[in-house]
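See structure below.
Residue numbering begins at 1 within each chain, and the chains themselves are lettered A, B and C in the order written.
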Amino acid sequence: MATLNPPIRSASSRPPSLTASARLRRLARSYTLRVFAQAVVTVWAVITFTFFLIRLMPGNPVDVYIDFLMNQQNITYEEARARAASQFKFDPDANIFVQYGEYMGRLIQLDLGESITSTGTRVIEQIARFLPWTVFSVGLGLFISFILGVTIGTIMAYLRNSWLDNLFSLLASILGAVPNYIWGLLILIVFGVQLQWFQVGALRGTYNSSLTPGFNLTFLLSVLTHAALPVLVYVLGSIGRWMLNMRNSTIGTLGEDYVSVARARGLPPSRILLAYVGRNAALPMFTLLAIDIGFIIGGSVIIEELFVYKGIGSFLFWSISQRDYTSMQGVFLVITISVVFSNVLADLLYSQLDPRVRVGGGEK
Amino acid sequence: MSESVLRIDDLSIVYRTARGLVRATSHVSFSLAKGETIALIGESGSGKTTLSLALIRMLPAAAQITSGAIHYTRNGQTRNVLSLSPGDMRAFRWKECAMVFQGAQNAFNPVLRIRQQFADTAAAHGIKDPEVVKARTLELLRLVRLDPQRVYDAYPHEMSGGMKQRALLALGVLLDPQVVILDEPTTALDILTQRAIIDVLNEMQKRLNFSIIFISHDLALAAEMADRVATMYAGEIVELAPVAEMFYRPHHPYTLGLLRSVPKLDQRRDDLVSIPGDPPNLIDPPSGCKFHPRCQFATDHCHQEAPPLVEYTPGHFAACWHTDKVAAARSGFIDLKEVKKDDRS
Amino acid sequence: MVSQAAPTHERIIQTAPPRLMEGLLRPLRVFWRALRQNPVGLVGFSGLLCYALLITVGPLLVPFDNIVRLDQIAAPPGSRQVLLTRAEDAARYTTLESLAGRTVGYVRETGGEAFLRDYLRANPDAFQTEDTRWRSGRGVPDAMQALADGEIDALVVFSESVKRFIPHDPATPFTNLVVSNPALGAPHLLGTDTQGRDIFSHIVNGGSALIYTALLAGFFSSLIAVTLGSLAALIGGVVDNVLTSIANFVLTIPGFPLLVVLASLITLNNMVLLAALIGALSWPVLMRAVRSQVLSLRERDYVEAAVALNLGLPHIILREILPNMMSFVAINFIFAVTSAMYQQVGLIFLGMAPINDYTWGVMLYFGRTRGTLFSADSALMVLAPVLAIAFFQVSMVLFARAVEEMFDPRLRTAK
């Protein structure tokens, strides 16, 4: 190195690096914007879709509810209709598009109406009560299965065609094939009921109800133990996909020229594993992440019901079984919005890791 | 061209496959002097790439070195590359011997900026001072005639194929290696870009005085780049000679065949002769001279006994029992006036 | 040219029939050879064959047991009614007839009650009965004690209960009691459910509706995906944009919650409707894959030729493109079926899909709603369908993976 001539800083070096990086930043911003715009359009479409679905469906919930009120409380059609209108927050005589407009207007103010069954409770408050638990358990499950699955998948790729790889491949196929609620049932029956490793009843709910929520160890421990089963099931249900996908992706990446060149360059194996193999092989995982988020949140309806975990999924089921349509509509919207914005998050994460996306645009 | 930096002695490599042992290179010996360029020519599967991968010990797991040594000399100290510890081997790669693979299109990690990949390489060999690395990187990028500021911060996908190839050459000499292996450095590039790369290479070699092992099918390119040329056939060096000797007076029928199969501008198409037959089976190679089944001069002797590599004129080695017949045949083919005089000694 | 073309044409016609046979048989032979070399795939394939037999032949052999037997509620697996006597009476008391004038005991809620009632209705004065209460498991040893003490002459009890106390329980060994008739009642391989019905017969009969619905849903999903994917790729332009946006939209909506919401609005009492609904929500992934596949196939010469000859979209899709994607579509079909199974059983488990057929899903539903899931003795009512569903899904996926490896040379060499 020392023998080299010092570089001459040429005055004619045209685009200063600052402009180049600024341009990249601007492109990144526009990618972010586009992703957000797509998400907003999707959310709007879902809102519109559910609105018209619920209003125009034969035997739509409004009519069903009016019917129910008339029978249950022996009131006239008009009275029942007025009651329904106040709870669903709509003017039954107005044109459906006017209703739609009003509905959208209220949505923007985060007004999802009142619960039908528990009068006086605003749907948004109930959602605020249940959503965090689902975000917590689903997020934790996804995080654990992603990290574990990607790590194991990488190991499998490095040891490809060994007995360990074959065993893990088989295991991953089985894990992925069996529905997550089936894993849940198996765990309950085998470990809870037969082997009595844990008390099934004691783990219901989101935390031990005798405790007052707060940032103390007992409460946090209670939260973790109560979330353990749902999280375990989310992990079991999706880790197989991460393992297999990461394995195949890593095997593909290991064959890339830049990995051979990195070895020829004498880079330490750890650096090659992380920055050259791992990072490139993990990129496709982020598009899968988006799909998996929707899948796990969707499955949470069953899992939370199975483990009596009071999250948004079990609330959706509850509102449906109670025919509480305002709650149902609100919860479904919130679930969709969380999935859509989780997708946005995954997209942005992806774009942070892959410079080609930021500039190249929307090809996936 | 005095001291040798690399000396390969009797190197044999086999691949273990399901169908048997593939003898990829057999008893290869040659040495490379400081600043010298040696070109390895031959068909696909003749062992050129295996040989070059062995130099930095990046052979696939199925490969096994069955004999030989690779002696590398720097500052009067000579080490056998084949007996370096894994740690020493990692230090040896790129610092002493850099390899520019074919297909530079994917040689750079797509998610890291060029500057990071230069810095990675430097850091792996103990050069951590960012200012030093940056200065050296910019200088080398300029040397390969790239816009240093722009390429320095660029991602690989923002560069064209020719730019990437040049950046890879710059990366290749980042650590001032004594030996640079170039494996088909210009395939998949258009003719103008090829030209530019060759010019850059020549200029760099003049400035930095490294030795080159140049692997190519392209005889014209080899003729232009090399000081000496080695013809490989079925894993063996069958002819080794200074470049002018090799192209004007080939002693081995295979070299002659290669030269004949290159089209020339003023040649009629039917004069173009391809070498008959198929490349040899390396699992069960022919007896005697491995080329004899395809050789027009072959006799029973060739069938029974492999010819040794013999020095016919100073520096010109060939492994053939019938160099006299080859000489007679080539006189009808090679017109000396046709080939431009090579300006290097 | 013309004179040359004619004989060629004739030759093709002549050789066509054997070629056709060969064309049909060869893929099967290749398939079988490839499968034999893939143990995992072979396991999956055998599993699927078993399920195919189970849902076609099974119901003919084992009819659905719908007889409510209150005396056999929660009978343990493998159980049947046996007659238990003291060792010295073993030769005398072997049938209910031989017990005329004696006292026969049974344990309430575990067996014997209804069994004996039926017998006594036909023979009113045959023998006297004496019952013991179940009392959290103590009933059986109490009744055995009564038998050992000579208070009763015989005991009608579940074979599995007998096994538990003779002679394994060191506290109450009952060494002088023996089974004098091991086959009084019908055996229950997997025990009985909360109504005393044979669980094994439910497993045999409870798969067909689920599997047919899942297959139908997979078919709908693949059909939509292949049609829309090919159209998007072949027509391109606005159509492509619109279809791709729709696919992305459907992909983003969490399918299962939507299905649950829809199930609450429509009565899903129809297998085809349920399959159609599941299919209509699960096509986008395959559709996007088909689209990109067709886009690359489109570049091939034979498709370009068909387009240039203006052979029409259906022809191009059915004759030129689909045959080249068959393996790919087949694999995705299998995955679509497993996903349909997931959604369908999930819906039934929650009670959102109607319970017309007594399927594995309904067994899970009852397991949840009737709480048998949480009782150690009756868990098999849930465990049996859980395993039936799990093995079905595993067989499908293992088979799909084997097919994938067969058709994807990249995976094959990686193997």
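FYI, contacts are C-beta pairs under 8 Å (C-beta built on N, C-alpha and C of every residue); 3 or more make two chains touch, one makes a residue touch a chain.
All values derive from a computational prediction rather than experimental measurement.
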*Going only between touching chains, how few steps reach chain C from chain B?*
2
*Look at all chain centres (mean of CA atoms) and spot the one farthest from the centre of chain A.*
B
*Return the chain label for which the distance between chain Cα mean and whole-protein Cα mean is smallest.*
A
*Which integer distance in Å separates the CA centroid of chain B from that of chain C?*
63
_Computed distance of Cα centres, chain C from chain A, in Å_ = 30
*Centre to centre, by mean C-alpha position, how many angstrom separate chain A and chain B?*
53
*asked:* Looking at the complex, which residues from chain A come into contact with chain B?
replied: 1, 3-7, 10, 13-17, 20-21, 256-258, 260-268, 271, 275-276, 279-280, 283, 353-356, 359-360
*Considering the complex alone, what residue numbers of chain C touch chain A?*
40, 248-249, 251-258, 260-262, 264-266, 285, 338, 341-342, 345-346, 349-352, 364, 367-368, 373-376, 379, 382-383, 386, 389-390, 393-394, 396-398, 401, 411, 414-415
*Okay, in this complex, where on chain A does chain C touch?*
38, 42, 45-46, 50, 53-54, 57, 59-61, 160-161, 170, 173-174, 176-179, 181-182, 185-186, 188-189, 192-194, 200-201, 248, 251, 291, 294-295, 297-299, 301-302, 305-306, 313, 316-317, 320-321, 323, 328, 332, 335-336, 339-340, 343
_chain A-touching residues of chain B, taken from the complex the two chains share_ = 56, 58, 90-95, 98-99, 101, 103-113, 120-121, 124-125, 127, 132, 135-136, 138-139, 142, 147-150, 152-155, 157-158, 168, 171, 176
